[in-house]
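All remarks here apply to the structure that follows.
Chains here go by letter, A, B, C and D, matching the order in which they are written, and residues are numbered from 1 within each.
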Amino acid sequence: MSEVKNPALYGDGLVKIDWVKRFMPVCGELEKAYAKEKPFQGLTIAMCIHLEAKTARLALLLRDAGAKVVVTGSNPLSTQDDVAAALEHEGLEVFAWRGETSEEYERNLQCLLSFNPDLILDDGFDLTTMLVERFPQKVGKVIGVTEETTTGLIRARNMAKAGKLPFPVMAVNDARVKHLFDNRYGTGESSVYSFMHNTNLLIGGKTFVVAGFGFVGRGIAEKLRGLGAKVIVTEVDPVKALEAHAEGFTVMSMDEACQVGEVFITATGNTGVIREEHFLKMKDGAILGNAGHFNVEVDVEALEKLAQDTYEARPNIMGYRMPNGKVLFLIAEGRLMNLAAGQGHPAEIMDLSFAAQFLSLKYLMDSKGTLQPQVLLVPAEIDEEVARIKLGSLGIKIDQLSRSQEEYLNRW
Amino acid sequence: MSEVKNPALYGDGLVKIDWVKRFMPVCGELEKAYAKEKPFQGLTIAMCIHLEAKTARLALLLRDAGAKVVVTGSNPLSTQDDVAAALEHEGLEVFAWRGETSEEYERNLQCLLSFNPDLILDDGFDLTTMLVERFPQKVGKVIGVTEETTTGLIRARNMAKAGKLPFPVMAVNDARVKHLFDNRYGTGESSVYSFMHNTNLLIGGKTFVVAGFGFVGRGIAEKLRGLGAKVIVTEVDPVKALEAHAEGFTVMSMDEACQVGEVFITATGNTGVIREEHFLKMKDGAILGNAGHFNVEVDVEALEKLAQDTYEARPNIMGYRMPNGKVLFLIAEGRLMNLAAGQGHPAEIMDLSFAAQFLSLKYLMDSKGTLQPQVLLVPAEIDEEVARIKLGSLGIKIDQLSRSQEEYLNRW
Amino acid sequence: MSEVKNPALYGDGLVKIDWVKRFMPVCGELEKAYAKEKPFQGLTIAMCIHLEAKTARLALLLRDAGAKVVVTGSNPLSTQDDVAAALEHEGLEVFAWRGETSEEYERNLQCLLSFNPDLILDDGFDLTTMLVERFPQKVGKVIGVTEETTTGLIRARNMAKAGKLPFPVMAVNDARVKHLFDNRYGTGESSVYSFMHNTNLLIGGKTFVVAGFGFVGRGIAEKLRGLGAKVIVTEVDPVKALEAHAEGFTVMSMDEACQVGEVFITATGNTGVIREEHFLKMKDGAILGNAGHFNVEVDVEALEKLAQDTYEARPNIMGYRMPNGKVLFLIAEGRLMNLAAGQGHPAEIMDLSFAAQFLSLKYLMDSKGTLQPQVLLVPAEIDEEVARIKLGSLGIKIDQLSRSQEEYLNRW
Amino acid sequence: MSEVKNPALYGDGLVKIDWVKRFMPVCGELEKAYAKEKPFQGLTIAMCIHLEAKTARLALLLRDAGAKVVVTGSNPLSTQDDVAAALEHEGLEVFAWRGETSEEYERNLQCLLSFNPDLILDDGFDLTTMLVERFPQKVGKVIGVTEETTTGLIRARNMAKAGKLPFPVMAVNDARVKHLFDNRYGTGESSVYSFMHNTNLLIGGKTFVVAGFGFVGRGIAEKLRGLGAKVIVTEVDPVKALEAHAEGFTVMSMDEACQVGEVFITATGNTGVIREEHFLKMKDGAILGNAGHFNVEVDVEALEKLAQDTYEARPNIMGYRMPNGKVLFLIAEGRLMNLAAGQGHPAEIMDLSFAAQFLSLKYLMDSKGTLQPQVLLVPAEIDEEVARIKLGSLGIKIDQLSRSQEEYLNRW
């Protein structure tokens, strides 16, 4: 009953899944732990996700743990047709193909809901919103939802505030094993990769400007410095700026930095961080990219207005000729460069997030009837279990608090 | 009316103060800002502190801002007599000398209270406790207290919980400009210095075991690695352990680490982190030090019991011959090595903390009558003002949020 | 008279050349300096090179400096047809296309010689060898040759030793601005890129084994560590091994390292560095790549013999199932990974080498009749001029020795 | 027959020697290897050295290997009287005390020669020069000399050039295990220590200017950066300057750097690197130190002439008030800061050098009669043996070339 572009592509999809599976040991351990027990037996899980190899691995894990799994893509452009075919081949119900129209995307969401899911794994909250707004009769069966994105959680919290959230939503995005790792290490490395991939330029000795010294900016700044770059940090928070300074980065205002930087990467979560006044002061050949979630950090609209002329300088890189004759280069239209012009997060990073997803779904099921219809933090035990399994897969042992140590700590 | 060891030493003390003053620009800017205005005019501030050059600089700043300042040491062994003499020479009332007896220490606290202070700057909460418990008649005049130590704040919070705290206490220890900087950078660098100073050994290539990957442990681990050491991290929290792993450190249990480490530095805040079972497995010549607040992290008692023989191997380093014939070396009796066998935090670090102290005292004064008798967090504005002044002293400009950016952020 | 695959592709080729041109400022400065003067006027230069954008930029520089430039590829698989078309479009004589047969390759070399070159820029010494062995009548006109590869220089030195070298050959490969930069920084970064690109895996926390601690191995080890990897170094030279240790790397024999490594990169210049005995001890999923010039460092033949089964796990990655059931992955068949499965050296690196090429050709011309028919080192002045131009392009000023400083140094 | 200040101090000296002995494992292995065999039996070795714990350990090693050892200090200020007493207590002939006059120093050299040494271990070449110039009758017995300093080797080479060197001199200074390690790692770490020790200031975030990017400068720059400093490098060699740039350091001329640096450390081997024109442009409070061999890199004479006023700001730090009112601070009078205001090289570094000394003395003895009266390089075998023993002491195994690998390498 699935709908995929070409079921015959399943072989390629399986090879892709096989590769990432090897580097997702926590999911592997969960599979070992739950494949016999099958805790999700009898339940239907609807997944709305970026459909590629790593998410497919999560879908298969849920299937092996007993669930009936129905899947659609969360973005028409991120679906990989061979992976979709592989999931269909494995017996899942899949409704997704690359290049769906908006109507098709919506119809696919409806298809999923037609299976009357018990649990929802959402990415952006589209599926849940459709359920609540248009299929109230199906709401009662739903035990809960896990949501991994910042955006999705904002929507969930707004729904809760409005008194309209009918079931608990687990904020997987806020789990320590998620945000401590994917921002600093995942986005850090994959943004550096994206720069290298799209430019084939040298990092050593080059002057990079990293806007923002939160987890993402810090991760990028540290990785670039590790490769020999000179890194300038811009910030609006003086305490973070002082941290960057104390760690040896050069701190400037963007007004100064724009005049000396060779490459700019934004990671602020804010809008208009690099804008008209900066474009006009930049060096000829400056390169701009964005590692923040939304494509508003570099003011692309202003860039386009200013440009006398544009041309594709390399795949994924557009050149904009400024009125002063200088050319600025923009990677991936200012969209999240590690995804839009890269390969996304490494498998090892997603392994941690997806293990937290899996255990959060299990927690929802185990706690059925006891949780409030709110956005809930992932319990510390889940973070610790994920980390412990990961450490175990690496053969790493850590210390345990002795009774006397616990007592000592509790004394305070 | 002061009591110091030898007033004639004041010249040496002034030279010491002059040195640190140059590297405490935030205090310098505050002096410029408030020396004319003299906001503390008419108030008496009692300071109970480690009396050395950096704290003396804070005392003089308060004096220049109009306060009558009365001073005693918070620890009989940390008082520097030349600095005490310098403060007396500058016209402050000082009651402190190195090597005070307990009785003398207590009498000096009483002397301070005899001045009927309006504000108290405490370090460990001894002075405040004496005031509340033994001089209730003087409590009414006190506007509030600032307290910089973890221990002092625990005592303050216990007093508040018991309903016995009569005035507000500012938790300067928890300010961002304090704990983000002194733990990672201050303790990090000064612990490395202490190791170098006491051993004259090479760090490059050496295997260090750092117990704990909190701010202090992380700081030490990063600085050691920056010098070429191989760093093993031990932890009890699996998520922190995984962070250490992801940043390239080797993570082990202490049971494994104790067999391969050449130097061990504890930074856990816990007790008995390195103990009998570990001592017996260590390599001959292993060196142990502690960077945590209390001298309980290395089980010195157990070490002494085990030892067949002890000897002073270098100043501040004791050798313990184990029953297996191996010798272990302990730096500074397991006490905080950067203080007990070093020179303490660099002036630049204390500058931030003391600026937060100054502004917290001013905040207490300005808010007189409006604050609850509780332990209060330092307002974000103070953190930001300190950081902003520090950045300014470095000639660093940072960005300001535009109105549209603020709106964008508030939309979420 | 050129022969290229498709002249219509020239537009794409020009865009590629335009991109690298911007990041090759030394060549740009040389163009400015010599485009008017045209020092090579009247001379024909034959170039046998990997024909892609960066080498095309060098060809155009020589053209602009007055030379008639005739070009062929040095490897049938490295020719980019759009770049070849662009050079033809620019008026150069080009004889090269991707996928030439051996016969075609040879015929193209002959075509070049039919132009009776005055200077030869060779890459591997094929063109020069053909000239000397088969066209002795053309030898007399040749002023000299520049050769950039190690292999080519070995062939040149053998020819000189045999008394058969008829003209001087400049060893551009040995110039400081070449080998100090392309090995450590160029190969270092591009090998890291190749790993990221082909695996999409995380580097932070992963255990890499780098075989060899020469310039290439050191470069790779440092870049990987800069990204958070744990790096094990293997060596045969005890002094280099001790350097690696002192810089904080873990040093092991390959016999030990093969059991703990997750990724292996060879950079020894030797043969059989990773071989049967190691394959059988490796972890399941270990990944192997080579950054040395020849594909003999990983014993691929042995790997294939051992394999029960092979499959393409990702593009450019072959999986080999060992008799013990484990799977090992090999990047790019054990060939130089940054070229065979990457994008080669960044433009900034080639800029330095090519400037040294240009100035070496000019030196040959200017010294015509005065140089011995030997392999000659690039004069220190050329190294210094290239470096000085590069520093100038970055706006960097350095110090000059004063007369008294020169005297001081000469006193020794 | 020894002459030391106070024989009763021997206990303190023995404790100092015992400490360094533990961290000099190569000397320890040589002791194990040769204490029974006693290869130097019957020979007298005259040592002229900085007499402190590490050199004492070498003297005892030679004694244990059978030699009669006679010792004097190479500098009247570096002799530690307790260590001298310890050597006397151990039965060596010692003629050295702290604070010798020039006459006493010379008389002590003569005392050594009165023992008619077979081998000389010299440090600066004073002892050898006296022997050759004033005691020609004793020259015949001398098998050879080892010399560890650059200065001493210059004097030896001048003597050889003048045809006056009567015996071979081993250039221990040029051994790989010496210069690769003590310059980068030894001077690097100990200069950083000296800065920390003398200033008690923070390194993280501070702007350091390192003059010179040879081995010493590079070592210091890397260690400082590892601690979070911002490091500016000045150079006169454009290729080295470009290397520094490519590794992420900021490169400037001293004229620019002097205006932005907070701390300056010279390591050029040249004279007048920081001079009047720079002093006048420096920031108030700038700190200057030197890590080069001679105290000519900072032009102290000019500094003193400029100064309106000087004062001791901290032990080992002199403040100079410039005509513009700013104060500059100079560490240790511009002398080698890690020695003059530090604790010298770590024991692990000296262990390598001294093992090379020991084996060079043995090589001279074993090759008696076959070596030319020249300055000779330490044979590669000695470098390798020292490195191999050190690796062994660390439990590190490295690879051996197989026969087929050797053949492969020789093929080239």
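One rule holds in what follows: a residue touches a chain if its C-beta (ideal position, glycine included) is under 8 Å from a C-beta of that chain, and two chains touch if they have at least 3 such contacts.
From a predicted model like this one, the values you see are computed outputs, not experimental measurements.
Trainee: Look at all chain centres (mean of CA atoms) and spot the one farthest from the centre of chain C.
Mentor: Centre of mass proxy via C-alpha means gives B as farthest from chain C.
Trainee: Does the chain B and chain C pair touch with the same residues on each side or with different residues, judged by whether over half of the numbers are shared?
Mentor: At the contact between chain B and chain C, which are copies of one sequence, the residues are largely the same (over half shared).
Trainee: Compute the distance, rounded to whole Å, between the mean C-alpha positions of chain B and chain D.
Mentor: Computed from C-alpha means, the inter-chain centre distance equals 37 Å.
Trainee: Centroid of chain A to centroid of chain D, CA atoms only: how many Å?
Mentor: Averaging C-alpha atoms per chain gives centres 54 Å apart.
Trainee: Calculate how many whole Å lie between the centre of chain A and the centre of chain B, each centre taken as the average of the chain's C-alpha atoms.
Mentor: The answer is 40 Å.
Trainee: Which residues belonging to chain A are in contact with no fewer than two other chains?
Mentor: 185, 202, 204-205, 225, 228, 245-246
Trainee: Applying the document's contact rule, which stretches of chain D touch chain C when the two form their complex?
Mentor: 154, 176-177, 180-181, 184-185, 234-239, 241-243, 245-246, 251-256, 269-272, 296, 383-384, 387-388, 390-391, 394, 396-402, 404-405, 408-409, 412
Trainee: Give the list of chain D residues in touch with chain B in this complex.
Mentor: 15-16, 18-19, 22-23, 185-186, 188-189, 192-193, 196-197, 200-205, 223, 225-228, 284-285, 311-314, 343-344, 346-349
Trainee: Can you list the residues on chain D that touch chain A in the complex?
Mentor: 202, 204-205, 225, 228-230, 245-248, 250
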